[in-house]
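Two complexes come next, and they have one chain in common, chain A, joined by chain B in the first and chain C in the second.
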Partner chain A sequence: MTAVPPAHIAQSAIPRSGMGRLLKLVLSEYFILVLCLLYVAGIYPFVPEILTWGVWSNILGDMMPLLVVAIGQTFVLIVAGIDLSITAIISMAAVVGASVMTGTGGYLSGSAAAVPIAILVMLLVGVGIGFINGMSIVWLNMPSFIVTLATRMFFAGAAIWFVTFHSTSSSIADLPRSFSNFSTGSFSGIPYTVLVVGMIAVVAHVFLSRTRYGRWIYAVGANPKAARVSGIPVERTIMMAFLISGACASVAAMIYAARMQTGSPIAGENILLDVIGAVVIGGTSLFGGKGKIIWTVFGVLFLVILDTSMKLLGASLFAIYIIKGSVILLAAMMDTLRNRILAER
Partner chain B sequence: MALNRRDFTVGALTGLAALSGMTVAVRAQGSKTIAVLFDGLYSEFWVAGIQIIREDLKKRGFEIMEAISDQDDNKQFEQVRAAIARKVDGIIIVQTDSNAVIPAIRAANEADIPMVHFNRPPAPSDAFSVAIQADNQKISRDAVTYSCEVAKASGKKHKAAILIGDLGDPNAIQRRDGFQEAVDQYPDVIEVVAKIPTEWNADTAFAGLTNALQANPDISFLFTSSDFLIPQIQQALKTADKWHPVGNENHVIFTGFDGFPDAYALMKDGYMDACGVQNLFYETELAIQAILDLQEGKKVDKLLLDPGFAITQQNIEEKKEEMWGYVLWKEKNPG
Partner chain C sequence: MKIGSRALLLILQNAPYILFVVLLVVFGLMSDRFFAIANFRNIIIQAAPIAILAIGMTFVLLTAQIDLSVGGIMYLTATVLALYMTGAPWPVGLAAVIFMGGFIGALNGVVVTRLGVASFIVTLATLFILRGIAMYLSNTRTLMFGDEILTLNRATVLGIPSAIFAFLVVFAVAWVILHQTPFGRQVYAVGGDPEAARKAGLPVARIVFFCFVIAGICAGVGGFVSITQIGAVGPKYGDQIEFSAIAAAVLGGVSLFGGRGSVAGTVFGAILIKSVQNGLNIINADPYIYPLVTAAIIFLAVAIDGLRTRIIERLERRTIRPVSVE
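What follows is the complex of A and B.
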């Protein structure tokens, strides 16, 4: 089990020369944060706005939906799975929730209970799809890649179909102001989305690092057979990871729907690469057994800074995709390299 | 942890110190910047549109901040906020969803930055922006009416199919309505047997039309809500042995919309009977002028219409110079 990041083990073995310090930095869990600083420094002469409060407020806001989905994905990746259905969960939860609360023919249109019930329904959609994923993986012993690819296709299509019954256009608009306020409002200057996602991040961090269940997750991801022999309920642990991922994706659906004031069946459709990329850039291993919420926060931060700077530069979408793809590939290569160095030590 | 707090703090402070000492790259001072935010460059119409806007803005001395959202409303919202953070002087936008763009308009309103929607209006709201739009309903009605007259002159009853665009796009809805208004005037001549949703997706359109032709092999009247689907239509009709020019017994009376170079070529070769043409040059001129007027504080209507026109086998020689597709076609086919 590698519940403790391998970097800890290697610390004492690294010499204190210049090269050693560089190696220590590369192996450090703060490496991505340092990269963020270096990147901002590098891009600053070209985009001076990158250091303005307005841009950082945007970065923080843009991070939140991505971060909450990435937190869920971190759980799944640590148990050596993958959840490709997150984008479909976002779409499905967004349109189902919108159909409940929209002022134009919503099931609870005009009711004071519309928003709380819509939120509950969105959560249920996320957890429900997470349950289907988990059940198929655990009980039918199917690979998570295939299961979640199938549920992604099914629910992405279902979301578009669902909208045809609830709107004359391709999205469900006219959401209550009290719901939209979730993306625009703040408490003591801190946006609601930051508060909610921040709390989820803290709870997830504590859950993973301080609870027995957290240790089970690492154990199952590192070696499921050994975990089973040790008496860990492997199936329940995997199921819980997918339920958490589904719930987190439904929170992202709330943020997107509130932000766009619309329940769209294509909400979040393009974020899959960003989510997995951010988690991997942070340092969570695609092979399971290794990962931390704080790493995911750094990974998301790096990707959003990269994305924002490209937008400020007016770079073409193709250039952004190429750069992001390269960075993610580099991160995956670095992950492999780090593991190899640590194994040699 | 491998990097202790001291190392990290020293590193961070060094980075910030280096940053503060850097020379800020000099941007073209004094020039104004316009953000041009499209949702995609999926057809020649949009490629030509952004190219004309780009050239016109450069000619007027503007800097351009371009971005493509790849039909992602959230990404486009983030692009609008990036443009606002960069303090652009105006935003020309093509959104995907008419509802989802409203928060972006509100953000631009709050920043006091004029926003103009190119060719695709937003859903009604209290937010202020200016939309440039072709009079889709009238243009498609005029073009389809011509084709209905052709059908009537054939002395036969025709079964019709329509390829409908994305229903989140008001243009698609208006073109569908224009088609319906026209065919409703000819109940004895036209029977609509297939309404094919395309979601502005070429693959969906091809599959839908192929299925419709299998279910109704006697379809002989076709309207496409956009010319960008012409290659798929051509392929589907060829497969069904229905791709024949005007005058052939098996010719499908075909009406297009947009005025693509391909549409002109088909009109010239006799495969297309009529085409509703958006005046792209006029629309780009309207969009840029609206931004300039709004910057100067002038009052501009929320909707500026491009009346467009229908080009038909009858008036093609007289009207082709006004068709943007012909202009591009002529450049590619000199002489």
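What follows is the complex of A and C.
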């Protein structure tokens, strides 16, 4: 593991030549955003639809579940952990929440309290699994990779099993309209999902960059021993990151369940690698101590634009796989290069 | 007090084995079919592909790296075999698979060591790319293998079923490389402390590179053994298998932080996982609880390992500061 580069990009004076400007751009934290714009400009001649309102509202809609999970993952990666259980949390929260509010045989079917209680239950499932993860890492001294791998296996299986007690099919359908409104409704033109996830992003950003707890997260991720010596409650900080990740995943479960009006154990099953890829493309380090919510937003935006444009181009699944993989690899190489240039200064 | 700790440590050190024995006894009590010799042979045959994969993964994990692309390597090499080498005799196919697996592993290794990109991301990306290429080549269809491959499943070498034989060969080669050669010692040295290894003059990059090549070869061979059993390769082939391989290695005591573990442990881990699944199958357990039980056992084994590390730390602290000083 190499030394962790500084979290803030140095804004030192760079000669105002063309080369210098290019270098400054590559080193700036808006680099991925610029890549998004360049990509859209480059792909526009082939798919002019990419600049229509309809496509962008789709992009925004597709971004929301990914983004909210990625925000949680950002916290975990900054404390030098990893959370592989996010997709299992989504499955588990979706089916348990659905079992509470479904119109056919739900625990509270028909009751006015069904939806709010279901939402609360979904959050509890997310935070609960996050607590199991955090507890095992902090108290039992287990590596987060293995803990979350085990909880992922366990709860992905448990979600499928859970459905068999509540439905004859493989998912729990017939969710109340007032719940599915969450994905279709809007508040003065802004869809509810965008509103909720946007608020979470802002809160997470403020939390990380403006509060004492945020500074603890970076300190623990950069060097846990030094953090402990400085009096930071390392255990509590790591635990909090996993609780946040669990809560964020359960919000994604709400979005998926509302969109499909169904609590499905396979909703969001395949997004794990996309989420980690997006966060890392944004520039958050897998080794901890470095990352920002705004970077994650750019990373997710980039991945979703890529996905959408491929679909518009009529690319098949294999092309999407190959291109997505290449882009993740390129972004990671570029990030390594950037850090090397920054370290040499 | 000290003796109590030592005894506890001894128990914890052998916890996976104790766990294994307990499981055997439980399954044995619940069904007399579990202890049949034929059943043990089945368990090892079923465990062979994942064990071979996990042996390769062990080399990578020992150097504190990770390889998420093994499922992709399996899928792509098997697809190429099914599409372009249908008429070829199986040794040619096996050689091709070994060559392709090694080559892809080398690509992973070059990007990790030369460009300095984290192996998690590199192999995540190659996983996507390899699966994409394989889907492109096969048009996302399920491809069937001919008799040349299928007869291998029933073939025996010296009375040993072919899958077990392949597994024993890979295990023996890996064991010799890791425990009887300078390269093996260097792998442990690099994983234990890369900085110290560098200062001692070891070619750290080259060692890591070869570990990825070995993981690639093992993925190819593991995939080959798997297709002799399944007889077909489809888009779901090898999906998520990287996690099972890592789980097997970790169950067997391999550390994700490098420098600790052995191929024997890994093989034990793979057999433990398959025994659990086989036992659940024999006692007619609800198929839905298979992943739950498997996950719980992995969790338990790693939790015990964490506890063990903590106790070792405490014991070592005592030896640094002798009691007499007070």
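FYI, the second predicted complex is superposed on the first by the 334 of 345 C-alpha atoms of A that agree within 3 Å, B and C clash if a C-alpha of one lies under 4 Å from a C-alpha of the other, contacts with A are read in each partner's own complex, and residues count from 1 in each chain.
In this text, contacts are C-beta pairs under 8 Å (C-beta built on N, C-alpha and C of every residue); 3 or more make two chains touch, one makes a residue touch a chain.
What you see is a predicted model; the values in this text were computed from it and never measured.
Superimposing the complexes on chain A yields a three-chain arrangement in which chain B and chain C fit side by side.
Residue contacts after overlaying the shared chain place A:234 against neither chain B nor chain C. Look at A:64: by the touch rule set out above, it reaches neither chain B nor chain C. Judged by the touch definition given at the top, the superposed model places A:101 against neither chain B nor chain C.
By the touch criterion defined above, A:143 reaches chain C but does not reach chain B.
In the superposed model, A:44 lies in contact with chain B only, and not with chain C.
With both structures placed on the common chain, the touch criterion links A:329 to chain C but leaves chain B unconnected. With both structures placed on the common chain, the touch criterion links A:317 to chain B and to chain C.
Set against each other, chain B and chain C differ in how many residues of chain A they touch, and the higher count belongs to B. Within the superposed three-chain model, A:156 lies in touch with chain C and out of touch with chain B [touch as defined at top].
This overlay, made by fitting chain A, leaves chain B and chain C with a least C-alpha separation of 5 Å. Shared contact residues of chain A, touching chain B in one structure and chain C in the other: 316-317. Put simply, chain A touches chain C in their complex at residues 2, 84, 136, 140-143, 145-147, 149-154, 156-158, 160-161, 164, 273, 276-277, 280, 286-287, 316-326, 328-329, 332-333, 336, 340. Interface residues of chain B facing chain A in the complex, by the touch rule stated above, are 1-3, 7-8, 11-12, 15-16, 18-19, 22-25, 35, 64-75, 77-79, 81-82, 84-87, 96-100, 102-103, 123, 166-169, 173, 199.
The residues of chain C lying in touch with chain A in their complex are 111, 115-118, 120-122, 124-136, 140, 243, 246-247, 250, 256-257, 286, 288-292, 294-296, 298-299, 302-303, 305-307, 309-310. On chain A, the positions that touch chain B within their shared complex are 5, 7-8, 10-11, 14, 21, 24-25, 27-31, 33-34, 37-38, 40-41, 44-46, 48-49, 51-52, 54-55, 58, 61-62, 65, 168-171, 173, 180, 256, 259-262, 264, 266-270, 307-308, 311-312, 314, 316-317.
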